[in-house]
Structure formats: structure tokens, C-alpha cells
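Every chain is named by a letter (A, B, C, D and E) in the order it is written, and numbering of its residues begins at 1.
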Amino acid sequence: MKTAIHMIATLLIIGAISGGLLSGISNWADPLIAMNKQKATEEAIFLVQPEGKSYEHLNAPGVEIYKVFDGSNKPIGYSLAYEGNGFQGKIRVMVGLSSDLNKIVSMEVLEQVETPGLGTKVTESHYKDQFKNLVTVPSLNWVKEGTAPKENEVIAITGATISSKAVVAIINDGMTKLRKLQQGGKL
Amino acid sequence: MKKQVTLWQDYFKGIWEINPAFKQILGTCPTLAVTATVENGIAMALATTFVLTFSSFIISLMRKLIPSQVRIASYIVVIATFVTIVDLVMKAQFPELSKSLGPFIPLIVVNCIILGRAEAFASKNGPLRSVLDALGNGTGFLIALVALSAIRELFGSRSVLGLQILPDTFEPMIVMILPAGAFITYGLLLGFSNTLAERKKRIAQEELVRKYKPVQKAGSEEIISQEA
Amino acid sequence: MSTPTANPVYKLELTSSPHVHSRWNTKQAMWLVIISLLPPVVASVLFYGFYQLFVILVSVGVCVGTEALIKKARHKEVTISDGSAAITGLLLALILPPNFSLFFTAIGAIFAIAIGKEIFGGLGYNIFNPALVGRAFLQAAFPVAMTTWAIPNFSDAVSKATPLAAFKFEKITADLGAMFMGNISGSIGETSGLAVLLGGIFLIVIGVVNWRVPLAMVLGVIVFGGIFWLIDPSKYPNPFFHLLAGGFMFGAFYMATDWVTSPLTGKGMWMYGGGISLIIVVIRLFGGLPEGVMYAILFMNGFVPLINKYTKPRVFGEVK
Amino acid sequence: MELFIIFISAAVVNNFVLAYFLGICPFIGVSNKLSSASSMGMATTFVMVLTAIVSYLLYNFILVPFGLEFLQIPSFILVIASLVQFVEMVIKKISQPLYRALGIFLPLITTNCAILGLALFISMRDYNFIESVIFGVGAGAGFTLALVIMAGIREELELADVPKGFRGAPITLITAGILALAFMGFAGMI
Amino acid sequence: MSLFSFAKKTFRGGVHPFEHKEMTENLAFEIMPDPPTVIVPLSQHIGKQATPIVKKGSVVSLGSVVAEPQGFVSIPIHSPVSGKVMNIHREPNTSGYPKDAIIIQTDTTIEGSEKFEPLNYETISGEAIRERVRIAGLVGQGGAAFPTFIKLSPPDGKKIDYVILNGCECEPYLTRDYRLMLEKSEDVVVGLNLIMKAVGVENGIIGIEDNKPEAIEKLKGVATRFKNIKVEVLETKYPQGAEKMLIRACVGREVPPGKLPMDAGVIVQNIGTATAIYDAVVKGEPQLYAALTVTGKGINSPKNLMVKVGTPLQEVLDYCGGVKEEAVKVIVGGPMMGIAQFDFSAPVMKATSGIVVLTKEEVNEHPETPCLKCGKCIEACPINLVPTKLSRYSQLERYEDAEDLNITSCMECGTCTFTCPANIPLVQWIRLGKQKVIELQKEKKTA
């Protein structure tokens, strides 16, 4: 009986000390962590909307969408965060869109776990710069190298066709959802 | 004087004699997972050393107070506490690094090196020796991770610690930073270090044979050929 | 007890029975495989030019050299004359894309022999097909170089894409006749189905290759590929496309049949061949990569010890 | 379909051992004999499923509502440790032979990062309850698959002339490397 | 190939070595003259060795008993010549181990010979057959030299349905059984009939491989005169003549591991055993001659011979023109199962079926390499074992694993070694492992 009490007491004491210590540290760290996250998101939003100065998080089901305003508080478009499957795992992109959703301002890959040196080329500028001023109607498309792209087409990276294709597909997917929202007047 | 020797011994044995990655083959998962770049490898080894040292210290202090039935549970709580501290600090101060190490920081909790040293050493020895032991093992782990990640980064990305070493004409071998490259590089390193150790042992043995049987030359040769 | 009057006149051998042996021996089997590889070698030069000969020479040379070095380092008898390292080199070269860098070829060859074979103890002990280990390594190390194809001679095709890549990425199904003759792009040895078939049938007829594995693979791919084709012919290619595309034939006749890395028993061979074809179809239809023969064979190589264990034949007279 | 994908992804495409480097120690330690490998695989799968259930409940119904996310690591590991103890006790009660078969492997599972990794992934990926369970089953199946293949290979390698220094862990790692190369064929299937 | 042969009766597995029977198959038996001395081993059979009843200096006449059986599994031994006993001591033996033997110097001046009373095979009782076979000292001619009378006396309660005569002679080179079937067809069939009578069985089968069409023809002709005796034509394949394989091929039954043919209701006897039974019963002769084939590219003039038991090998070889210089092996028995000899003073014994002298070219040896896992040995093993694993386990002294893989079921036919492209001495390792496993099993039992 005595040892049992001893056992429980020890565990409780260790647990309490640990809990106290951790709650202290987490009180210090949590705001920092939240800030880091916030900062990252903010950076991305403005990265794809270079003219943007402020933004508003729209409450839309199923998509993470921000309305972006310029210095004079005039809405200049949207920033859409969306994700889907790439070659190895999830790819998460942020797309800046014109207000009528018919044009991409610019595109940024936020997260990906593609093969370094191959699929990771989708984060490099010669690929993602293709998305600047890309027309999104009827939908994006991709072509192989050596083919002249139309105004809604990007050239896939040789050796990483799958990742390139995936980015296009992810954006198309997100656009479909956005258009539905737009029709429902929810934007 | 004698005490001095054992204290050094406590530290140094972790570097080679009982090197966690090469001799005990513990902590394999982080060894493989985070060694794609030297930077990650060092960060992981330091985080592990931090947790290892502090928990060894605390556990050694408390070793007489904890009833043996709840020993492991208490150790785990102590270790988990330090791991959480590292995790939170990294997330708050080094968000990039924390992201690239992924879930392997929380997983330090189950890294068998830590529980292994707690059980095998800290629970039986005083705080000073425990800390030295922990630091030694941590250094050994660091050396192993640096060796492994240097090879992988060099061939996989042409660079070491982000500095390009190999010329542009060298096409980076992507496989080296993939899981397959990790397994194979670690396996080869381990194999060669075993072979080396074995040869050393054999040579020492031959030396002994030669010393004690100087007359029977033929006999000593026979032993050698049997070994080989 | 009388002293045995050993007969001094004759040089007699005193080994125990049996005292006679079949015509089979390791060296001869290996050299027969090398001979059977002549048609694909000739086809590769015809379709892609003389440079391929250098790739083949480098690959064979480095493989044989690596094996000799390792055997020396381990103080073992150097057994390169058995021809198995030469086969590995030859096969590795034939499953590379055309005009492949000689430096990369050498790296692949070293890896194939050192990690694919010798580290397991050398001939007979390796678990995985060494040539495929070499190729898988190259594919993972230099993916771009490994997927850079060329248009074969005598072909009026304009696209460098292999039929599988064309199918996977552009939904174009190539002409089966051209695929059989070799007027399509692909690895240098696999290009001509005809040449592969010639060598493969030679191997089966002389009895080096056990017919079960290729047959299981061919039937398997027709069945599994056929099921999907029947489900949706517009989405999935017809099974004969699978048969002629990519490295299927080459894999089925030369690589899945490697004695060392394939199962021991007949029943095991059926399971192994069937498993390979199932994985090929799944990777081709659902995977990220256009081709899966190499991965399928390597994957099933890993299963071979288990297959051997569970297809142990019933001992004569035992009732189960 | 979503569930099927979670299963295949955890079991094959993103195999815990060969792609995520989780549970390597038991993978090296217990893969030398087929019988113990399959026992270990089953025991781990069982604990994984239980862990998936319990940690899902713990995280979503205790830690999150009370703002205690920072206690995630200590609480998960304690839960796993007590789960293993509990499973051990139950098995001992209901089946002696099963206990003898699995007994020695259960304590090992406590310090198996694959289990903790599983719990962390579940909270990180916001899986719902059913998804968590399927994820646990898939991860367990993948672990068992890798373990059993490796055990088969290692029993075979005992008859092989592997260089002395490479026997045991080194050749196991190299074999795992080649297996990982082979598993790359499934990439992009998720 | 094996795809097309399902029509013929046979077993699963096996191999088809070059037959080389053409060297002797058309040569009729010659009777070799008595040698100057004979060496008569006391143990020419499985079981306890016989006890000599003569002494150094005793004078013995042709066919007189020189040694009496000792115990149940044993047989009497008769003098193959008339002469004087020179000595009784250990002598070289074709088994490779020296054995006790009676050495008799031939003396043609000694008159008389001993014989049994000839019996009528149509009226004789089973009991009388068994007794005659016992006192005539017959042993199986199929190789194992098991005392024949024991086989003819199955224990009560065992129901025997078939007697099968083994006319396969699946060993390459040998043509003894073939010549017996041609030259003594009558004796063979009557011999079978006697065996059937002795064990009270209705059905007799003579199993012959299809590479011996003349023998099949001839025996079919003779067999029509007897009820219930038929000739089965079997595929030519080694080891078709092994009891278990033969039973499988002829009547479709499998003898379980560790069991005897009679447990499957069958008794198998060799062709030579049948003729010997005929001689003993109908002619009243004890077993004094061994019928054997002397052949191979290493002997100058191959022959089929009737040789007195106890004749030293050297005499037989000399009688056949001597051994050529390029010979590398002299084998007693067939090349698949026989024993290589080093001492040619060892004598011919009752069950000796052939002497094969091989040249290098015939042996076809190549350097050994590691196992290539080709599976040919498994495909060939008639017992369905995994020879590659068994031999490796034996090599690595992992006897328990070998036991688990049924090493004790191996009948040491050598098919696996013959077929292995890596030239691994599989059966040789397996033999060693099998002995070790049996020793271990015994130890376990006594412990």
C-alpha cells in the first residue's frame, strides 16, 4: 500500500512539474508560433498579388480564399490557397487572381514534397513565371516541351511532367470551386 | 587521478566504443530520415543531445526517489517534457528548420538512445557522470549524422552545408537524398566500419599469437588462414 | 587385416555417387544467355547507331572489372570467366535509353555489381536482379537522363516519347505493328519485340529459361490488362499494347527469368510471374510513372524467399 | 475511395518503414526470423489500430477542447505505454499461446516511433475517426509487409556468403535500400 | 519434353541420363571360368553377418554351406567353388569397408557338388517356397541385398495386393536385367509366379522401361500363359527403378515417408531376384553366381557375365581385356548409385549388378559454383525434396533445419547431383546430413 502511494505520488509530482513547465513555455511560444504562421500566410498572399496592401479572409466553405485590396482599399482580386496530389505527396499552391477570376496574376508553390531536383522545379521561376497573366478560361492546360503554348497553356518540365501537370490540375480544381461560389454570389 | 580517467572515459566511449549509430545501432530512424543535408543532421543531433543531456541529468538526480515500478513511465514523462520544450522553441524561433525536420523532433521521445542511456547509465550513476555520458553519446551521434549527411549532401546536391563543392559538370545523384540512398549509405558506412573493426581485432589477435608463439610459425599461419 | 593393394597403374577418382553428370554447367548456361542476347544487341545498333556499342562495352567492362576487384579484395577466387558479370553488364546496357552517358553507364555498372550482387556474396546469393538494381539506381539518381529518348532510325515518328509515356501523358496509343518491329522509341535493347522474341525463344527451347515465368507474365498481363480494358476501352489500352510496350518482353524473357532471383518451384514461378504482371499493369495504369517492369520485377524479387518457403513441394507419400 | 487511398498510401506508397523511416529499429532487430517478424507485425498492427482510436479521441476531445495541445507528446506516449500494458494483460488473460507468441514483442512496441509517429500524423493531418482507424490499419499492414519481406530475405541470406563485416544490420539496411528503390515504382499512385 | 509424356506411366521428377546401354545390350551372358581363389564375404546382405562353420584348412565342395545365418535377418552362405579354406579374416570389400571373409583356393580335383532337390513350381506350397529361398541364401538383386525370404514373409495383418517385378534397370550402362529378361524370360515369369504364391497374392506386374522394347515383347508373350500377370510399359527415366517410384508408376500408390512398400500393399523384387528364385526352387541351386554387366568406355571389351560370387574384381576386369589407361573411375553398381573402387582385390558379391569403368569424358565433371537457384534439382527430385536447401543446411551444420525439410526422406538416388548445373555435390552433402540427423534423432530418443 505504501509503495503504491509512493508510486502514484511520484508520478503525480513529476507530471505536475512537467505540466507546469510546459504550460509556461507554451504560453511564451504559442503567440510566436501563431505569428510565424500568420506572417507566412500574409507573405504568400501579397507575393501573388504584388499590388496588394491589405486583405480580408473570406468565409467560404471548402476553400481558403482571401480578398485583396490595394493602397486605396480598392479590391484588386483574390488570393486562393489550394492543395492536391503531386508525384510524391501533397502540393499546396497560392494563386493570385484577377477580380473576374479570368486571369492569374501570379502563382506560388507553398508546400511540396516532390523529388528534389525534379519535381521541386515547379517552385523555380522558369516554371512558375509561366503562370503570370495566364488566362483561366475555359481552364488551364499543359503541353510538352517543344510545343508553342496558347494563352491558357504552360509548358511542362521535362522529367517532371507529373508534378507540372499536378499543379495545373490543382489550380483548375480550385477554380471550379471558386466559380461555383462566384455564381452563388458568395464572393 | 583514477577518477579523472574514468570521467574522460565516460565521455569518450560514446564517440567510438559505444557509438549509438555505429555500434549500438540505436536511433536509426532519425539517422536515416534527417541526413539529407548536413544542416538538418547537425540540428537533429544537437536537439537530441540537448534532450539526452537534460533528461540524463534529471533522471540521475531523481534515481533514488523513483520507485522502480514506475521507473520507465517517469523517464518517459521527463524525456517527453524536454522534447516538447525543444519542439516549441524550434517552432517559435526556427520555423524553417522545424518544418524540414518534420515529425522527427517529437519523435526524439521514442529515440531509443535516450531511454537506453537513461536505463543503462543515468539510473545507476551520479549526475556528473551521467551528463558526461550523455554528452559523449550525443557527440558520437553528431559525428555519425555529420558523416552520413556529408556524403549524402555531397553526392545528392553537390554541396556540404549548402556550399557547393563538386563542379557543375557533376550531375547530382538525386537518389542520395531519397530514402534508398539513406539506407544504402548507412548500410555501407556501417559495413565498412565493422570490417575495419574486425580487421583491427584480427591484427591484434595475430599480434598476440606472434608474441606468445614465436617458435611455431606454421601454427600461427594456420590460425590466420582460419580467420580469413 | 590385409593392406589394400592400391592400384598404381590408374589415376582413379574416389568421389561418391553419382559418378556421371548432366551436360549442364554454370559457365555454359551463362554463355548461352550471352549468345541469345545477340539479336537485341544487333537491333540496338541498327536502330540507334554505333554509339550504343560503346555503352555496351563500357557496361560489360566495368561490370566484369568491378567483380574481379571485389573478389580480389575479399581474397576469393576471381570467377569472372563464368560470364555472369558479363550478362549483367550486357543487360544493363540494353535497358538504358539510347545515347546514354558513358560515365553514368559506368556508375550504374559499378552499383549493379557491387551493391546488387557482390555485397550479398556474389553469384547465386543475390536477392535482387543486379542489372535491374543498377538501372533502378540510375533512374533514381539521374531521372532526367534516364527519361531522355531518341527517335529510332527508319522511323517516321516525330515524337520522342515512348509509347507508354505517350499513352500516360497524352492518351495516344501507338501502332502495335511498329512496336513489334521496333519503330518506336524506348531503351536500346527493348525496342524490337521481334529481336527479343528470337533470343527468348532460343533460351526456352534449349532449356536455359524455364517457360513458366514468361508464360505466366504474358497470360497475367493479358488477363489483368484485359480486365481494365473491358471495363473502359476508351480509358485503358488493350492488353496487347501492354504486351508489346516498354520493357515487358525484354523483362519477361531475360530478366524475370534470372535463375538466381526467381523462385525455385514451378508453382512459385506462376505466382511470381503473375505477381509481376499485376504490378506492371497497376503501375502503368495508376502510378505516376509510365513504366513499371523494372519495379515490378525488383518488388517480386523481394518476395521470392517467401514464395520459395510457402511453395515447398509436398514430400512424396506424405498426406496433407 | 478516399479511405482506400489512405490505406494504400499508408501501406505501400508511403510505407512507414521504407519511405518515412519510422520503426526502423524493430525492422532491423526483429526481422531475422520469419516467425517472430510476423508476430511482431501483427502485434504492432493491433497496437497501431488501438493507438489510432485512442489518440484520435484524446486529441480531439481532451487536448483541443481544453487548450492542452502542448501536452500532446507526453500524453500520447503515456497513452501508448499504458495501451501496450493493457493489451499485454488482456492477451495474457484470454490466450496463453498468443501471449507466449507476442509477449516479448509488446514491450518493444512502446519505444517504437512508428506508433508515436502514427498518432502525430493523425493529429497533424486532421483525419476524422474512420480515416484514423483506416490509417492505423494501413500503416500496420505496411509495417508488417516490410518486416515479413525482410525476414524472408534475411533467412535466405543466412545461407549466403555475405562479407563478414556486412552481416546483420548493414546488409539489412542495404537490402532495405534496394527495396525502397523498388517501392519507388508505386510513387504517384496516391 | 515433359509436356508430351503424360500419356506414359511414370512418376513426377527424375532425369534422363545418356543411356550408353548399346555397349552391352546385344551381348549374351558368358560364364566366366572359376578364379584361382575366391573371397567370400560373410556379410553380403543387409542384417547380421553369417557365422562360419568351416575352419582354415577345411575342404569344401561346390555349393556346400560354409556359413550359417546368425539371427533372423541373415542368410546362409554357400561355397561358390570346390576347394580348400585358406583363411578367414578381414578383406577389402566393394562397400569400401573391409569385411570378414572366407578365402577359398579353388581345387577342381575335389569331387561333388551340393544341390537341393528340384521342386515342381506348379504344385509347391508357399511355405516350401519361402523355406527354399531361405536356405538357398537369396538376397535381393536390386542393389540393397535384402534377404529375400523376409520380404516373402510379410507379418500377419499386412494385406499385400501386388507383387511388382522391377525390370526398369534405370541406371545408365547396365544391361544385366535386360539380358536376363531376354535370355531367361521363362524363368522371370515363373519366378514372379513363385513370389506371388509365396505371399498369396493374386496380381503380378512386371514394370519395364520403354527403352527395352524387345524385352517387353518377349515377356508379354510369356506372360499370356499366366493368369494375373501383366507387363507395364514405363517411361524411360531415372530413378524409375526405385521402389517408391515404380509403385507410383505401376499402381498409383504412394509409400509414405519412413514406410515400407508393404505398408502400401506392394512387394517389389528385382528381375534377377526372380530368376534366382526360379533357380533355387525349380533347379535346386543355391546362389553361387552373380550376373553382372562389365561396361564403360574405360574397359577394353565390355561383357555381360555370370561370375562366381567371391571373384576378385581384378580377375573380372582382366577377363574383360583390362582397364584402359584413360579410365578415371571403376564403379561397382551403376554410375548413379554405385560405389567407386580403389582396391581391385575386393570380391564380387551376390547382389553385384555391374562394374562400370568410366573415362574422364563420360564423367563430365565441371568446377563447382554456388547454387544458382535454378530449381532443376527440385524439379528432378522424385521425392519432392528441396535438395539445394538440404545440402546447404548440411554444409552449414544446421541439422535441425534439414530435419524440418525432411532430409531423412531422401533415398540418395543422386538425381539432384546429376542435374545440378552448379555441379554441387548435393546428394553427397545430403547423405552426410542425413546420417547426422538420424544420429541426433537417436540421441534424443535415448535421452
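The definition used in the following text is that a contact is a pair of C-beta atoms (placed from the backbone, for glycine too) under 8 Å apart; a residue touches a chain by one contact, two chains touch by 3 or more.
Worth saying up front: this structure is predicted, and the values here are computed from it rather than measured.
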Next item on the list: Moving only from a chain to one it touches, give the least number of moves from subunit B to subunit C.
Entry: 1
Next item on the list: Touching both subunit D and subunit E: give me those chains, sorted by label.
Entry: C
Next item on the list: Please state whether C-D or A-B has more C-beta contact pairs across its interface.
Entry: C-D
Note to self: I'd like the Å distance between the centres of subunit A and subunit C, where a centre is the mean of that chain's Cα atoms.
What the structure shows: 44
Check: Between subunit A and subunit D, what is the separation of their C-alpha centroids in Å?
Finding: 31
Checklist line | Centroid distance [mean C-alpha coordinates] between subunit D and subunit B, Å | finding: 23
Margin query: Can you work out the whole-Å distance between the CA centroids of subunit B and subunit E?
Written below: 67
Note to self: At least two partner chains per residue is the criterion; list those residues in subunit D.
What the structure shows: 70-71, 74, 159, 161, 163, 166, 171, 174, 177-178, 181, 184, 187-188
Next item on the list: Could you tell me which residues belong to subunit A and also touch two or more other chains?
Entry: 18, 22, 25-26, 87, 115, 117-118, 162
Margin query: Quick check: what residues of subunit C touch more than one other chain, meaning two or more?
Written below: 115, 119, 121-122, 125, 137, 140, 143, 288
Check: Using the touch rule from the top of the page, what pairs of chains touch, sorted by label?
Finding: A-B, A-C, A-D, B-C, B-D, C-D, C-E, D-E
Margin query: Residue numbers of subunit A touching subunit D in their complex, please.
Written below: 18-19, 22-23, 25-26, 30, 85, 87-89, 162
Check: What residues on subunit B touch subunit C, complex-wise?
Finding: 171, 173-176, 178, 180-181, 184, 191, 228
Next item on the list: Spell out the residues on subunit B that touch subunit A in their complex, using ranges where they run on.
Entry: 36, 62, 65-67, 69-70, 73-74, 77-78, 80-81, 84-85, 88-89, 91-93, 95, 156-157, 172, 174, 177-178
Margin query: With touch defined as at the start, can you tell me which subunit A residues reach subunit B in the complex?
Written below: 3, 6-7, 10-11, 14-15, 18, 21-22, 25-26, 28-29, 32-33, 36, 40, 115-118
Check: Which of the residues in subunit E come into contact with subunit C in the complex?
Finding: 15, 17-18, 89-92, 98, 172, 244, 248, 254-257, 259, 323, 325, 327-331, 333, 335-345, 356, 358, 362-366, 369-376, 378-379, 382-386, 388, 405-406, 409, 414-415, 417-423, 425, 427-428, 431
